[in-house]
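First chain A sits with chain B, and in the next complex the same chain sits with chain C.
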Partner chain A sequence: MRAWGLIRLYAILVYVFMFSPIAVVLLLAFNNSQFGGFPIDGFSLRWFYKLAENEAIIRAFKTSMVLGLLTALVSTTIGVLASLALVRYRFRGKDLITTVLISPVLVPETVLAVGLLIFLRWLHMPRSFGLLLVGHSIIALPFVVLVVQARLVGIKREYEEAALSLGANPVQTFFQITLPLLLPAVFAGALFAFTISFDNITATIFWRPSGMETVPTQIFGMLRHSVSPEINALGFVMIVITVGIPLIAGGLARYFSRKKI
Partner chain B sequence: MARVELKNIQKSFGLVKAVKDANVTFEENSFTTLLGPSGCGKTTILRMVAGLEAPTSGDIMVGGKRVNEVPIHKRNLGLVFQNYALFPHRTIGENIAFGLKYRGVSKSDTGAKVKEALDIVRLPGVEDRYPSQLSGGQQQRIALARAIVIEPDVLLLDEPLSALDANLREDMRVELKAIQHRIGVTSIFVTHDQSEALAMSDKIIVMSAGRVEQIGAPEEVYNNPASEFVANFLGASNILDVSVSGSDSTSIALDAPYFGTIAVPRDRAVNLGAAKSGKLVIRAEKLRLTNEAVDDKAISAKGVVEAVDYQGQVARYFVRIGDRQFQAMNMIEGRPFDMGAEVTVKINPEDCAVLPADR
Partner chain C sequence: MSDTAKEFDRRPWVLLAPSLLAITVLVVIPMSFILVYSFYENIDLAVDRVAFQLGNWQELLTDGYYHIAIWKTLRLSVIVTVLSAVLGYIPAYFIAMTKFRHKWLLLLLLILPFWVSFIIRTLSWIHILGNKGALNGLFMWLGLTEQPIPMMFNEFAVILGFVHVFLPYMILNVYVSLEGIDANLEPAARTLGATPWQAFREVTLPLSTPGLAAGGLLVFVLTGGSYVTPLILGGPNDFMFGNLIYDAVVSELNWPMGATLSFTLLVLLGLVVVLYSRFMGMNQLSKAFS
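Presenting the complex of A and B:
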């Protein structure tokens, strides 16, 4: 019993270590004090109002949202198609393509970022929002491919063969059978992609055109002057988005699947 | 409904030859079984007829037309899989109506046709359920309904009973055959189960290692195996090397070890031809064990029961005669023989089949 008690204590300490920084941010977002730190003066939403009035942050927030959504769209589309090819067809160089698709996970982000920049220099192209989108999509793609592939392997080929035999052409078969069965993985992949793009900072600093800020680079910039309480409020919003959206999506998916079966 | 012909069909996967020069006809409205062990090429043939695989060479004809280049979704086939392959995200009604959608069937007709198909497979009123709410046997019925509702030219059945429990499998076997008979669709059935093949087929095509071993009616394949493989695959057989010692107008005399001279009727030795030596095939259930005295004219040998496999109404005996072990399957009358019992093993010449030695 004593040993169990120690293990329980240890587990609690690990969780405290992991989550207390997040808890601090969440707590301080509602602090009335002028300074972004303890002690807590009283409950207030003033930093949220302040945040909503800060045009730089709003602009950064919009950029991040658009970038995240587009990254999700691009990397999910490419990822689903790539997974289909890799799982359903046999062709030469398949292993190589798999490795190349997955490699952005393995390569340090800084190296990837510098590499893409040098490539662009070679093409005589300036840094742009488009570049940022391409870069984020490359970083998010492996996660989409891994998630979608895992699900696709579990979808038996017979479903598609049955649909074909009943007269649906390959495109109809994909939209009627494969895609609906793949949908949970497509959603999960898109959420991954959005989240990865939304809080990416390392590569974004390299790729963003001058004057463009995403939420993480904006926070990073603000921190260089001082720890403004607004940042805590912004942190709160980001946590809600990156944790809340997947939770809501998961809940919705479960709700709809229960309704059907 | 259409006749299906395979002409000189070959199929290779890389270096592996899955099907070697198959020439097969599936008659209109008949039930034909492709029978063989796994890897014999039976499923590959089915998939080529379906259009899921392309033959390396040769022609596939459906209803007199060459269909090699016709993609699967334009072949009008019904396909039933071992694991049912019902679309899990669609209701039973939607599953069955799936094929009708691509055939321009109107909404009102679709409902009627789905109902009719469910009646045929004796599962009325389950339109609104999902596949996961049905048992394995029910799901397979729905899969069958989905395949026949489109009135296919050919019904392809890929081991449809193999995933079911033993009892259910035997019920479904009878029912599947009855449904096929009623709607009269050309059916190609793939199985590795010899009893399914014997029970259901109009014609059996026995395959081994990519080659067609024998084509014939169930009784023909069972009683007159064309090769040692067929003899062993359809039930247990005892095979003896024999030499021809004489012949007359009605029978051929064979010298067999242990049993002496056996005069086999000529119609039991059609596959032997003019060969001087051959193999005598005696099915396990045709070897009779007895402990009573036999008359001199009977063909018999003395042996010892080495093992008994008791199965209720029958028993399988492993009997040693000289330096060979024989298998006998006998109905149990009274008490089964015990291990170590000394018995006389009798053969009836009409029950034998003779193959040429080189096959």
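Presenting the complex of A and C:
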């Protein structure tokens, strides 16, 4: 099986290609040098301290967190409702509706951003945090729908029917039967939406009001000069948040589901 | 839920209403607006006049600068898509076919890059290719060169940045379609006398084309609509169509031209999506999520 050995080697090399640049950022965050690159002068945490004192970054960080959480809330709420309609009911034009719900992914984000901005301009409304919120929510919506829908298909309808036949009304059935069963999917969808919002830069550059920065636009602005070591430290923090939270959540979910059995 | 089919059921539409309303107001109406706005006239910085004139469209059709940008965008998108397919197919095949006990780990590592910030992944290439980057550090340490070799701020760096960021979409889509293939088919071809390569080429590869096509579509459309990657990794000549939109809207505040360019990009990339859905349908795209 020499061919298989080659395939394995190739796959490993591609994984190296995907991860080594990220590893380099993580490594350089601890570099003592005052330049954000090689060579490595020694281990130091000073750029993290610098980061904690940088008010612009802290402000951007807060904005991104609030924006991400609200985006997750909005897009997950309307996305779950839409998924329920798609999976639990039969109606005419379902294929078309599905395509419409996924359409924000198919429109290039740059175009989506400019379109919404021009519409707002026509309405004489200024850019605002609200624009970022609705914009991010619409970008995240298709992903939430796809994730929740995939999960909802796997939940047997009999449970809901049993509750209904025992006298629960549809709203009670939803909150006491469907939602608890759907919770992992809701959680996954919300996490997905948060990550999409937290990470977004393409549309955010167009939508943010002047003076407001999210973490990615802040980094983008800082890059104009050069890669400062602070950016590496910030990258480290961001990676820990966006990779760490889903990993811990997934790990906990596995742990608890095992415990039950 | 035993409703008679005759009666119109309002419930699904009530559930769908918030999403459909949001998409109508935030996507559908704005998309029609960029078309309307493309006929407006730009007078000065951020000042435009309601009009119906073809000036913006004429400029787009006659100014060679825009044509170069369309050509560059197309070229780059094709290169990135092909490279992603070449780089992505074999790892996807490996993950799908391996008997490795911890296959979940390989899959997790595949999903992981999606969670790492796009801008961090993009700027990380400065650490690899830049004057103070890993490669130049290595070359100078080995004594291969005295001065750092410039490898950044060119088309190569932009392509590398794109492939790095979009490759997981390709691998994931190919993997999903390879997983769906009946595992007995390749052995069956082998017992009928096919060589391993023939079995792969005649059975597995054709059956995995839907995944390859879905991944290719995503990579192509995502690359074609970008502007941030060339700004970070490219030089002054490495602009794409998205960069012209960015310049028109953010720097020149020429909204009508921004609208014209946006609509053009929408149509160009929309054509690719339509072409894809004619041949493949839209179902494959959602498979990667389940």
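By definition in this document, the second predicted complex is superposed on the first by the 253 of 261 C-alpha atoms of A that agree within 3 Å, B and C clash if a C-alpha of one lies under 4 Å from a C-alpha of the other, contacts with A are read in each partner's own complex, and residues count from 1 in each chain.
Going forward, contacts are C-beta pairs under 8 Å (C-beta built on N, C-alpha and C of every residue); 3 or more make two chains touch, one makes a residue touch a chain.
Note that the coordinates shown come from a computational prediction; the quantities given were computed from them, not determined experimentally.
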Is A:Asn169 touching the first partner chain B, the second partner chain C, both, or neither of them? first
Report for A:Phe129: first if it touches chain B alone, second if chain C alone, otherwise both or neither. neither
What is the contact status of A:Ile177 with respect to chain B (first) and chain C (second): first, second, both, or neither? first
Which partner does A:Phe48 contact after superposing on A: first (chain B), second (chain C), both, neither? neither
Tell me which partner touches more residues of chain A in the superposed arrangement, chain B or chain C. C
For A:Glu161, decide between first (touching chain B), second (touching chain C), both and neither. both
Which parts of chain A are touched by chain B and by chain C alike? 161, 164, 170
Taking the complex as given, what residues does chain A use to touch chain C? 3, 7-8, 10-11, 14-15, 17-22, 24-25, 28, 35-39, 77-79, 81-82, 84-86, 88-89, 91, 97-104, 106-112, 114-119, 121-122, 134-135, 137-138, 141, 143, 145-147, 149-150, 153, 161, 164, 170, 195, 198-199, 201-202, 205-206, 215-216, 219-220, 223, 227, 231, 235, 238-239, 242-243, 246
How about chain A: which of its residues touch chain B in the complex? 156, 158-159, 161-170, 172-173, 176-177, 180-181, 260-261
Going by the contact rule set out above, which residues of chain B touch chain A in the complex? 50, 52, 71-79, 81, 83, 85-89, 98-99, 101-103, 130, 132-133, 143, 146-147, 150, 156
In the complex, go through chain C and note every residue touching chain A. 1, 9, 11-13, 15-16, 18-20, 22-23, 26-27, 29-31, 33-34, 37, 87-88, 90-91, 93-95, 98, 109, 112-121, 123-128, 130-134, 136-137, 164, 167-168, 171, 196-197, 221, 224-228, 232, 242, 245-246, 249-250, 255, 258-259, 262-263, 265-266, 269-270, 273, 282, 285-286, 289-290
